[in-house]
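These are the structures in question, set out in turn.
There are two complexes below, and they share subunit A, which is joined by subunit B in the first and by subunit C in the second.
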Partner chain A sequence: MIQASARSRCVTVTTTEEKPAVDVDDDVDLEFVEMIKKTGGPNIQNCYQCGTCSGSCPAGAFTNYLVRGIIRKALLGLKEEVISSPDLWFCTTCYACTDRCPQDVKPTDVIKAIRNVAVAEGYMLGPHQKVAAKVVEAAHAVPLDKESWQNLRVKVGLEPVPPNASGNPWAIDEIRKITKKSGFEKLIGYEEFMKAQKEKAKKKAEEKKSQKKE
Partner chain B sequence: MTESKTDTATKVVDFREPRVGVFLCHCGLNIAGTLDMDDLEEYSKKLADVVFVKQNRYTCADPGQDEIRKAIAEHDLTRVVVAACSPRMHEPTFRTTVKDAGLNEFYFEMANIREHCSWCHPKGEATQEKAKEIIKMAVAKARLLAPLQKFEVPVTPKAMVIGGGVTGIHSALDLANMGFKTYLVERDESIGGHMAQLDKTFPTLDCSICIEGPKMVECSRNPNIEIISYADILSVDGYIGNFRVKILKKARYVIQSECTGCGECVESCPIEYPNSWEQNLGTRKAISIPFPQAVPLVFTINMDHCIECFMCIDACGDRQAINFSQEPEEIEVEVGTIVVATGFHSMYEPIPGSESKPAEKGYYGYGKFDNVLTALEVERLVCAGGPTGGEVIRRSDGKHPKRVGFIQCVGSRDINKYEYCSNFCCMYTIKNSVLIKEHEPDTEIYIFYIDMRTSGKGYEDFYRRGRESGFTFIKGRPYEVIEDPDTKNLIIRTEDALLGEPIEVEVDLLILSTAGEPSEGTNELGSKLHITRSGDGFFMESHPKLKPLDTPVDGIYLAGACQGLKDIPYSVAQGSGAAARAATVLSKKTVEIEPIVAVIDPETCVNTDRKCGICVDKCPYGAINALEGKAAVVNVANCHGCGTCVASCPQDAITQMHFTDEQIMAQIRAALEDKAEEKILVFACNWCCYSGSDLAGTSRFEYPPTARIIRVMCSGRVDTDFVAEAYRLGAGMVLVGGCHLPTDCHYISGNWVAKERIERYAKVVEGAGISPERLRWKEISAAEGLIFVNTIKEMSQQLEDIGIDKIKEENEKARKRIEAPLRRKGLIPTVKVAESDE
Partner chain C sequence: MTETQTYSFFLGCVMPNRFPNIEKSIRVVLPKIGIELEELEGASCCPAPGVIRSFSEPTWLAIASRNLALAEKAGHDIITGCNGCYGTFKEALLEVREHPDRLKEVQKVFKGLGLKYKAKAEAKHLIEVIYDIGIEELTKKVTRPLTGLKVGVHYGCHLLKPSKNRPWKQTERHTFLDELVELTGAESVSYTDKFMCCGAGGGVRGSNAPVSNDIATEKLDNMMDVGVDCVLNVCSFCHLQFEVAQAQVNKELAEKKYQMPVIYYTQLLGLAMGLEPEELGFHQHMIKTQPMLDKIPE
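So, the complex of A and B:
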C-alpha cells in the first residue's frame, strides 16, 4: 500500500490571481550557484534530482523542509526565495543525505553555504539568532545559565561551574572582542536583537502590571 | 627477405633540399576565432626554408587540399607543413594529398594548433606565441624530413572473433559469409552470451533464444567458422595482417568430436550443482550442458563436483566420448584481424566456474533479503525454459508476488559505483513488467526511476504501453529498503520527487536493475591485445565518432558491449560493422606498414668489437638480433616502430625513421629558442599522453600555454640526451608522458623502459643541482585529458614558484655536468645563428 506521508498540506486549488512565471531576467541570480560552489557545494550542479537526499531526510519527515527542492531552486538561481525561506533552517546537519547522494552533491554542505549567504543578507531564524547571540553574550552556544544545570553538576560530583568560559568572565570578554572585531556581532544583528529582547521583556512586564491592576 | 624490406623501407628515395610550404587552417572559427592568422602568416614567412605560406578556411576540405597540390607544383615545394588539428586526426589525409602531388608522403608534417592551442587557451599574446612556436617546431622538423617508402606485408586471410555473444556471432557469420575463415573464441561452454539467458527482447517481445538459437546453430554449421569454446586467450603476438594467437582450450573431459549430444550421460549422473547460467536458481549435473540450446552441443564434466563414479562412461558406452584424463590443450592460430566482442558482466551475476555468493553488502538488501532479485535472475524465472518453468515466484515462500517493485539505476549513475548509465535497464524493466503482468494479470507494478531513457526505435511506444498497462512510475531513487521479518515483504522508501512528498511502498518482490560492468578479464585481455580502456573500464575506441569500431592497434576492432553498454540491435549492428572493418584488411593480399622502423648503422654499432646487445634486451618484440662479432640487425617485419632501442643505444647507432635524433633535437631547439625558462617541454607518447593532450583540447579544458609538446611514438623513444639538450638550452621544466604501467603501453613495455630511464636520469639531474620537480615522469592515458590539464597546471605553478631567476641559476650551475654527454657525442651544434636573408 502506498502511504503518503502523515502530514497533510493545505493547497489552494483555485485562485483569482494570475500566477506569475519565474522571470529569468528579474528573479534569477546567476551568481548564486557560483557562490555556493565556492563556499561549500562544489558539485551542486551534478544534481539530477533523484530525491535520495530528501527521502533520507529526518527533518523533512516532520517539516516542510525539502533538500532537493532547495537545491533545485538554488540551481535555478532563485536566491531570494531560497534564502528568505524559514525551511532553510530546519536541516539538523545529520549528513544522511551527504552519505547517500549518488552524485556527491554534499547537500548538507550546500545548505550550510546557503545559510551563510542568508545570514549575510539579513535572514536568520529566531532560535538560530538566539543561539548566535548566546555565543556573543556567554561565549558558549549552550551556556550553563540555569541553576538546575549547576545543581545537576554538583549532584554527579562536579564543580558547579566548569573551567571554561562560563567560569572565567575575562574569557567571555576576550571572546566578545573577537566577535566584535570579526564582524560576527554585526552579521547576526546582535545589537538589534538585544534591543528587541529588552523591549519584549519590558512589554511583558508592563502587561503583567496592567493585568495586576485589573 | 627481411633485409630487402629494410632496404625498401629505409632507402632514401628522391631526397630533396627543403623548400617548405606552410598552410594555415582557420578551421572555420575553431582556430581563427582565437588566433590572429595574418600574424601567423607573417611569422611563418620568416622561418628558415619557408618559401610559401597560405591561409585556408578549411585545409582538409577539397579546396584546401587543391591549394596544397597547386602550391607544390607552382612553387616547387619539397616539404609541406599544415598548421591545423592534431596529426592523429588528419595526418593520413594530408599525406595522401602530398602524395597525389607527386611528393613523398613523408615530406609532410603537422603543427597541432587546434587541440594544443586554440581549443585550450584563451585569445591572447601567450596563446599566439605558443601557436607560432608550434609552427616553428613543425617547420624545424619538416626541414629534416627524409622520404620513406611504406612497405607491404602479406595478409593472412583469416579472422578471429573473441566472444561468442550475439555480437560476436554476427561478426563471425558476416566474416564467414564474406569467405574468410573465422575462429570464434568463447570462454564459456557455449556461445550465446547474455542474449541466450533472456526471456523476451524489448520492445517487440520476440523470444530471445528463438531468434538467437538459429544464429548459434548457423555458426556451428558454417564451414568457414571454427568455434573454439571453453577456451581462454593466452597471448597475442604480431601485427595487422599477421597476428599469432595462443589459445588454451580447457579440458571438458568429453571428446568433442565423439560426443553426439545425446545426453544419456546426464541422466546417469547422480550429482547436481548450482547452474551459474541459471543465475544459480537452478541446478545442473556434474556432466551436463549449461542450457538445452548450447552450441557446440558438447557435454562438460565439472571436476569440482564430479565424484568419479564413472556412471557416465557406462552410459556413453561404445561412443567412448568421455575421457577423464583429458588435459587442457594449447593451440596457436594465425589470423589477419581480430574482432573483440567480449560483452559485459551484470552486477551480482555469478561467474561461471565459481558458484560464489553475491556481494554481502549488496544494494537494497540484495544477498540479505530473500525477495530481492536482480533483473537477470528474473529473466530466468520468467522464461518458460527456466528453473521455475516461467513462474515468477518469491524465494522466501514460492508464492506469486501480487505487488512487484523495480528499482532502476542500481549501481549505475552512481558516483560511488559506476558513473555511467547502463543503457538498457529502463527498457528491460518495462519488458519484465509487461511479462510479469502477462503471466499474472492482477499484479501491481511499481517502478522507481531517476530518469526514464527510452530513446531507441519503438522504445517510447513501449514506455507508453507500460503506462497504459497501469504501471506506477515513481520518480525517486529509494534511499532505503527494509524487510518485514514476518511476511518477508519489502518496504521501499523514497521521495516522490514529482510530488515532493515522502512515499513508502510495500512490495512482495523487489527487482533490481543492476548495472552492467566490464566483463571479467577485460583488463587482462586488453593487456594482451595492447588496446586501452576508457575511464569507465570498457575498451576504448580510436575515435568516438569516426572510428567507433577501431582500436589504436591496426587490425583489431571492437564490437558490442565491451566498448560500452548497448542493447541487442546496436550490438548486432556493431558486430556486422566490425566484420566489415576487418574485411577491409582481409580482402587484400597485402597491407601497408608504416616505415617508421628502427635501423642500425653497422659502422657505429660496437657489437662488432665487444658484446653489447642492449638493444636486443630493450626491444619489446624481440625484433633485433646481435650475433657475436657482427653489428646488430633489426628484423623490420617485427619492428613496431616504438624507438625504445634507439634511445637505449649508448652509441646512438640506431635511427628511428621519421623520428630521428636530428629531427627531435631540431624540435627541441625550436621550442626553446626564446624564453626557455618559462616553458615546459613535453615529450608525449602518441597513444596515451599525446591523445590525452588532444582530448584536453577537444574537451575545451583550459590550461596555461606553457607547454611545448613533442610527439614521439612511445615514451621509450625519449633519450636522456633530449632532456639534457632541453636543460642546456635553459628549459624550465621537462615532462615525459607515457602510458599507464603496468600494461597500457602500445608497445608492450616501452613505458617501463622509459620510466626506469627517466627516473635514473632524474637522479643525475638532481645531482647536478636542478630542482627535482623540474623533471617529471607521468602516466597519462588517452582518456585522461583532465589529468593532462592538471599536470600542466601543477607544473606551471611549480615553475612560477621556483622562479625564472632560480631556474637560470640552476641551469648555469648544472651546465657542465648536463652538457658533458652531449659534448662527448658531438651533439652540441657549432654556433650558427640563423642567417636570415634580410
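So, the complex of A and C:
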C-alpha cells in the first residue's frame, strides 16, 4: 500500500471549493477522440471507467493525477481542459495501468498520445523544451556538455568521449536531418529556443564583465 | 563453459555522460561471463520513451529505428543497460513489425540518409542476457561471496512492462533479479512496494522534482525500514534518480537523512567475482559506497 504521508511535499487539490467542477456542456470537441486514436491511443473507447488504472498509479498516490479522469474527460470531448492541465505531465509512464487494464485501453499510450496533441497545440513545459532541444543539438537528451563529465569518465578508467554521437559529428548531423524532416524542430520551436538561449548567455557574460569592472 | 556471444553495446545518454561508473562495470564484467561488446559508433539518444515519445511519437520512432538500423548493419542484436532505452527499442520494434505502414513511414524519413532498416535486429537488456547464462553457471564465477550484505532490489518499470512485450515468464512478483543478487551471496530483502516506479520517468524528474523525489524517497524509506545496506538497480535512469533524489532531499531537509548507496547490478556481480571496487567505479558515486563495502567480508 502506498500512503501519501505527512512528509509529502506535493500540493494536492481535490475539492470543488479549491478547484471548480468541469462544465461538460462547454467547449466539447468530438474530433478529440479521433485525434487520440490516430496519435497512439487506438483503444481509448474501450474504457468502462473501472478505475484499475488510477488504483495502480504511483503518481496518482502522490498527486491529484487521475488517469481515469483524464480518459473520461477525453471521451467527453473536453479537449482544452485535458491538454492544458498540468496533471497530464505527472505520469511517470511506469505502465502499471497498461498491464492491469481489463479493457486493453493501454492508458500509458493514451496519455502519451494526448501529450502529443498538447505539445502540437503549444502546451509544452519549459524543461521539456530544453530536453527536446538537446536531442536536436547534441543527439543526446543528456549530453556530454561539460569538461567535468569527460573528466569523470577518465576517473573511472574510460575514454573521455564515448563512441556514440558525442564523438561523431556525422551522427549528430543525421539526427538533425531526421528531426527536420519529421517536423520535430518546428514542433518544439528549436530555432527560437536556441536564439533565446544564445541571447541569455550573451547577457550573462556581459553582466559578469561589468561586475568585474566594478 | 559459457558460449561467447557478441552484442552491439548501446550506451544511451545517462550512463556514459553522468554515471560512467556503471558503464565501466559493464565493460569489465560482461566479457568475463562470455558476453562480448562491440561499439555502436554514432548511436544517439534512444530516444527517451517518456519525454521524446510524449512530444512526437513519429520522431521517437524514427530516431529509435536509426539506432536499431546501426545494429542491423553491424549484424548484431542490441544490448542495453537502461530500462528506458530497452523500453524504447522493444516498443519501436513491435510498432513497425505489427504495422508495416509504420516501417514504410520510417524508411521514408531515412531516404537520402543512406540508412537501411528492416527491423531485423533484436534489443535485449543485459539482465536478460545474464539471466539466460543460468544461475548455476554464474555461481561458479563467484570467488568473494558477499555474505551478510542486505540488498534492496529495485527492478524498475520498463524492464518488466508492458508485460505483453517482455520476455519474462510472469507479469508480477518477479524473482529473476533477486536470484541474480542472491547468487553473489548477498541477501535480497523484501520491502513494501518493491515493484513501484522510481519516479523519474515520463518527464517527471525534469519538470516536477518534488513529485519525483516524493516517489523516490517513499521507496528509499521502505528499504530503510527493513535495514538494507544498498539499493540495487539495473537502469541508468533509476540509478540517477536514487542518487540525485537523495542529494536533493538532504539539501532540502538540511540534514543527511538519506545515505543509501546506489549500486548497479554489474558492480555487485563484479565484486563477488573478486574484482576491486575501483575497477567497478565504486569510488565515483554521489552517495558514498564505503559503508556498504565495509560490510563485505575480506
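By definition in this document, the second predicted complex is superposed on the first by the 164 of 214 C-alpha atoms of A that agree within 3 Å, B and C clash if a C-alpha of one lies under 4 Å from a C-alpha of the other, contacts with A are read in each partner's own complex, and residues count from 1 in each chain.
We adopt the following convention: a residue touches a chain if its C-beta (ideal position, glycine included) is under 8 Å from a C-beta of that chain, and two chains touch if they have at least 3 such contacts.
None of the values given here were measured: they were computed from a predicted structure.
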Margin query: Quick check on the superposed pair: does A:Ser85 touch subunit B, subunit C, both, or neither? Answer first, second, both or neither.
Written below: neither
Margin query: For A:Gln103 in the superposed arrangement: first (subunit B), second (subunit C), both or neither?
Written below: first
Checklist line | First (subunit B), second (subunit C), both or neither touched by A:Gly51 | finding: first
Margin query: As a test of reading the superposition: which chain, subunit B or subunit C, is in touch with more residues of subunit A?
Written below: C
Next item on the list: Pick one for A:Leu66: touches subunit B only (first), subunit C only (second), both, or neither.
Entry: first
Item checked: Doubly contacted subunit A residues - partners subunit C and subunit B -> 1-2, 5, 96
Margin query: Could you list, by residue number, the parts of subunit A that touch subunit B in their complex?
Written below: 1-5, 46, 48-52, 54-56, 60-61, 66, 68-69, 96, 100, 102-104
Check: Can you list the subunit C residues touching subunit A in their complex?
Finding: 11, 13-14, 16-18, 20-21, 23-24, 27, 39-45, 47-59, 62-63, 66, 109-110, 112-113, 115, 157-158, 161-163, 171-172, 192-193, 196-197, 199-204, 206-208, 210-215, 217-218, 252, 279, 281, 283-284
Notebook entry, point to check: Once bound in the complex, which stretches of subunit A touch subunit C?
Noted result: 1-2, 5, 7-10, 39-40, 58-59, 62-63, 89-96, 98-99, 106, 108, 112-113, 115-116, 119, 124-128, 130-132, 135, 139-144, 149, 152-153, 155-158, 162-166, 168, 170-172, 174-175, 177-179, 181-184, 187-188
Note to self: Taking the touch rule as given, give the residues of subunit B at its contact with subunit A in the complex, in rising order.
What the structure shows: 409, 413-416, 450-451, 475-480, 493-497, 499-506
